[in-house]
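These notes open a run of structures that come right after.
Note that chain A is present in both complexes that follow, paired respectively with chain B and with chain C.
So, the complex of A and B:
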C-alpha cells in the first residue's frame, strides 16, 4: 500500500483501489494535486484497473472531471480502466449534467461491492474475448 | 433596480478563491436565497464562475482583479462575476464532446441557474437564480 496526501492506493487483485481521503474537498485549489497523484499512479501501473472510492468526497467541480477523463484515457490506452464507486447523489448529478455518466462506470455501492462488480465485469470481458477468438477459428 | 447585499474583490489567483466562495455562500444562506441542502450547487456555480474569471478572463494575472457582486430583486438574485478579460458568449457555450477534457463549467452553471449571460460591455458573467430554486434544471444530455 502506498500513501499520498489525497488518494490512498491499495491492491485487491486484479483491481487497484484508490481511496479519495475523507478530509479532501476536491475544489479548485487541491484539484491539481489530485490530478498529479492520479496520473502518477496510472503511469506507474501498466494496464491498471483502478476503482476510485468516492465515499469521503462530498464536492467536486468540472476541473475534477477533466482530471478523471485524463486518467481514464491513460488507463484505457494501456488496456486498463477507471471506474468509481460510492458516488453521492449530488456528484452523480454533476456527471449526468455533463453527459459523463455515459463515459464513466459509476457503481452505486460501497468499495467492497464495487471491487466484486469490477472483478465480475472483467471476467465477463475475458470470457467474451475467449469466445470471440474461438468463433473466429470456426 | 435591485439591492446589493454582497460584494468582494480578489486578485486573480486561486489562493483567494476559497475565501470569496465561502463568504458568498454564507451571504446566500443568511439572506435566505438557498437552503442548506443547496450549498453544493451554489458552491459549484460560484467556483466555476470565479475560476473562469481568474484563469480564462484574467489569465491568472495577479494585477487584474475579479469582483463578485450579488444583488436581490424581488424573488430573483443576480450573481455577477467581473473580470478584465476579452469576454465570451455564455449563451453559445455547448456541452463539449465526451472525449474533450475541458469546457463544462458554464454548462454546469446553466443547469443550476435560471439564466446565465456574459455582459460584454460590463465584462461580467451574470447568473440569475430564483429564491431557493437552485439546481432544478435538467441534465444537458437529455
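So, the complex of A and C:
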C-alpha cells in the first residue's frame, strides 16, 4: 500500500488539486500514509491553495480528520488554504458528527466547479485585502 | 535412507563409464569378429582357388605324360622294327638268339634298379603269329574284332604301307590287364612290331598327379575339413577328409544340390555355404575339353576362426575390464574431491540447524562450491549478528511491552472503578482498546446526592499516541469536571488546556459530557465533536439522537464555544453513549457498521439492564465484523433512568 500514492496532485494555478485515489480510508496504515503524502506535498510547495477531491471515496475513518486538520494548519501557515470537494453524504456525515464541517470548507460540487469556486473565493479574499488596506489608509 | 552423496556420484559416473566402455567393447568385438570372418572367407576363397588350380593342372598331367610315353613307345617300336630286320636278315640271327638279346637288354636295364619303361615287346611274322618277345607267348593277331577287341586294331599293320597304331590304355585281349600298346609295321617284310606298357605306369602317374591325390593332400592340411569334386550331374568325382554324412544336422544331398545350382549359374567363380557350422566354398574347375563342368567344394574348419575371434574377444574384454577398473578408481578419488566440500557444507548446515552459528565451513576451492562456502560463512556471520540484534530487539521489545502493560494498567485505573449508587439510575460502561492501550475513555462519578456525571471521549488515532493524548485530556477533564457544574464550562476549560498541549499537530479528542439530575429527571450535556448519544424511551418509538450541534473536538480551536443542552427524561429512558469504534467498525468488505444499524438495534432491544444493553451492542458489532478484528477502540456506556420520585411523570 505504501508504494502507491493515495493522492495524485496536479496544478491548476493558483490552485493545487489533490485527487484522493482510494475508495476507503479506514485503517491506520492508510490514514498515516495519507497524512504523510499531504505533509510532504505542503512542505515542498510555497503558498499552497489545495483542493482535495474526494470523488470516488466512499468511507473515511474519523482519524482522517486529524490529518486533514494538520494539513489545513500547514496550508494556512504557507499563506494558502485547504478546501474539500466531491464529498459524498457518507463522508460529510463524518465531518458533521464531529462538527468539523464548520472548520473545513466543504464544496458539494465536483472538482471543476470546486476549482472555480476556490478561485472565486481567492479573488474575493484579495479584493477584501485590497479594500482593507485601502480603508486602513483612510 | 538414501545413499551418501559420494557413493551416488561414484555409482553414477561408474555406470556411465561401464556403459560407455561396454558399448565400445561391443563395437570393437563386432568389428574384430566381422574382420576375422571376412578374412576367413577371403582366405577360404584363396585356398579353394589354389586347390582348384592344382587340381586343374594335376588332372591334365597324366594325359600329357601318357602322350609323351606314347611318343617314346612309337620311337621304340620303329627302332625295334629296324633292329629285327637287321638281326634276322643281315646278321642271320635266329628268333631264339634275338629273344636272348632282348632278355639280356632287359636284365641290364633291370640291374640299374630303375623300373622298365616298356613292359611288353612283341614281333610277329607275315601271318601275325608272335614269335619274338620278352616272354614266350603263343598269340596270333586276328582281324576279327569280336575275338580280339583290342588286338585286332593292329592287324592292318600286316598290309603294306600301313601307318603306326597308338592305343590308349585298355584291357588287353590275352589276360584283360590294362595295357597301352603302340604298333608299327615291319621294315623287311609284313609284320607287326608292338611295344606295350602295363597299368603300373598309369597307376604311378595317377598316384602322383591325379585329382584324388591332390584332394587328399588338401584335405589333410590348411584347416580344411573336407574336399570334394562334384560334376554337374551331381556325381562325386573325388572326395577326401571328413565324410559328408558325419557333419551333424546336415543333409549331404543339400550340398550336392548347392554345387549343381552353382555350376548351373555359371556366372560366379565362388559361392559360399555354411555346412555343419563350417564354411564351405565352392569354385569352378575348368577342364580341357569343357565338356563336363565340375565344381570343387572345400569345407574350411571354422574352429580356428572361432578361436581367433574368441582370443581377440578375450583380449578386448580384458582391456575393457582394466580400463573400467582404473576409471572407477579415478572416479572414486575424483568424487571424493567433489563430494568433500559438499559434505562439509552439509555438515555446516546441520550444525547451523542445531543452532551452532559459531561453526564455519572449511571449503577453500576457487569454484562455485568455494563461493558457496564463503557465502555460507558470511551468512553465518550475518545470522549471528542478526541473532544478537534480534536478542537486543526482543529485550527492548519486552521492556516496551512491560512498560506498555504498565501504561495500560494506569489507563485502566483512570476508568471508573465503581458505579455511583444513585436511586433511579443504573449504568454500565465498557471499553475494549484495539491495542494494549487505547484512545477511548469513559467516566461516571457522583456529583452530590442526586446527580451523576457521565462522560465519554475518543482521541484521534489509536495505540500509544492516542493513549497519551487521552490520558492527558482525561486528567484535565477529571480535574475540571469535579469543580464545575456546567458541562460546557468543563469542556471549554479542557479544550483550552488541550490546545496548549497538542498545538498544531491536528490531534484532537472528541468528548461528550452530561450531568444527570435524578431528582429533576433531566440531563444537561455538552458535546465536543463526539458521536451524539442515543436516547431511547420505554416505548421504542421514542428513540432520538441527542442534538450535538456546535462544539468542536477538544484541541482544534482554542476559542471554541461549547453549549449546554438540557433534555427532560421520562421513566425507563436509556441513554447510550458510544465511540466511533462502534459506528466506524468495518468488515472485510470495507462496509461501515453505521449509525442507522446502531439506531435500529437500539429500537429493537428490550431494555433489561445497562449491562445487557452494552453487551447487546458489542455482540452485534462483533457479529457484524465476522472474522475481522476490532480496528479501533470500542467504548459503550449505557445509562438507565427510573423515575423514582415522579419528577417527570407530573404534568
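We adopt the following convention: the second predicted complex is superposed on the first by the 128 of 138 C-alpha atoms of A that agree within 3 Å, B and C clash if a C-alpha of one lies under 4 Å from a C-alpha of the other, contacts with A are read in each partner's own complex, and residues count from 1 in each chain.
Just so it is clear, a residue touches a chain if its C-beta (ideal position, glycine included) is under 8 Å from a C-beta of that chain, and two chains touch if they have at least 3 such contacts.
As the structure is a prediction and not an experimental result, all values here were calculated from the model.
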Please tell me, clash or fit, for chain B and chain C sharing chain A in the overlay.
-> clash
May I ask you to decide whether A:20 touches chain B, chain C, both, or neither, giving the answer as first, second, both or neither?
-> neither
Partner chain in contact with A:52 - chain B first, chain C second, else both or neither = neither
Taking the superposition as given, does A:29 touch the first partner, chain B, the second, chain C, both, or neither?
-> first
Using the superposition on chain A described above, determine whether A:71 touches chain B (first), chain C (second), both, or neither.
-> second
Mind working out whether A:42 is in touch with chain B, chain C, both or neither, as first, second, both or neither?
-> neither
Examine A:7 and indicate which partner it touches, taking first as chain B and second as chain C; both and neither are also allowed.
-> neither
Check the residue A:106 against both partner chains and state whether it touches chain B (first), chain C (second), both, or neither.
-> neither
When both partners are placed on the shared chain, which of chain B and chain C touches more of chain A | C
Going by the overlay, flag which of 165-173, 453-461, 471-479 or 561-569 in chain C ends up clashing with chain B.
-> 453-461
Shared chain A surface residues [contacts with chain B and with chain C] | 27-28, 58-59, 61-63, 65-66, 69-70, 73, 90, 93, 97-100, 102-103
Which bits of chain B are touching chain A when the two form their complex?
-> 14-15, 17-18, 21, 40-41, 43-44, 47-48, 50-51, 95, 98-99, 101-102, 104-105, 107-108, 111, 135, 137, 139-141
Residue numbers on chain C that touch chain A, as the complex places them = 458, 460-463, 504-508, 510, 527, 529-532, 548-553, 556-557, 580, 584, 586, 590-592, 595, 631-632
In the complex, the residues of chain A that touch chain C are 23-24, 26-28, 31, 58-59, 61-63, 65-74, 77, 90, 93, 97-100, 102-103
Chain A residues touching chain B - in the complex, by the definition given at the top = 27-29, 58-59, 61-63, 65-66, 69-70, 73, 90, 93-94, 96-103
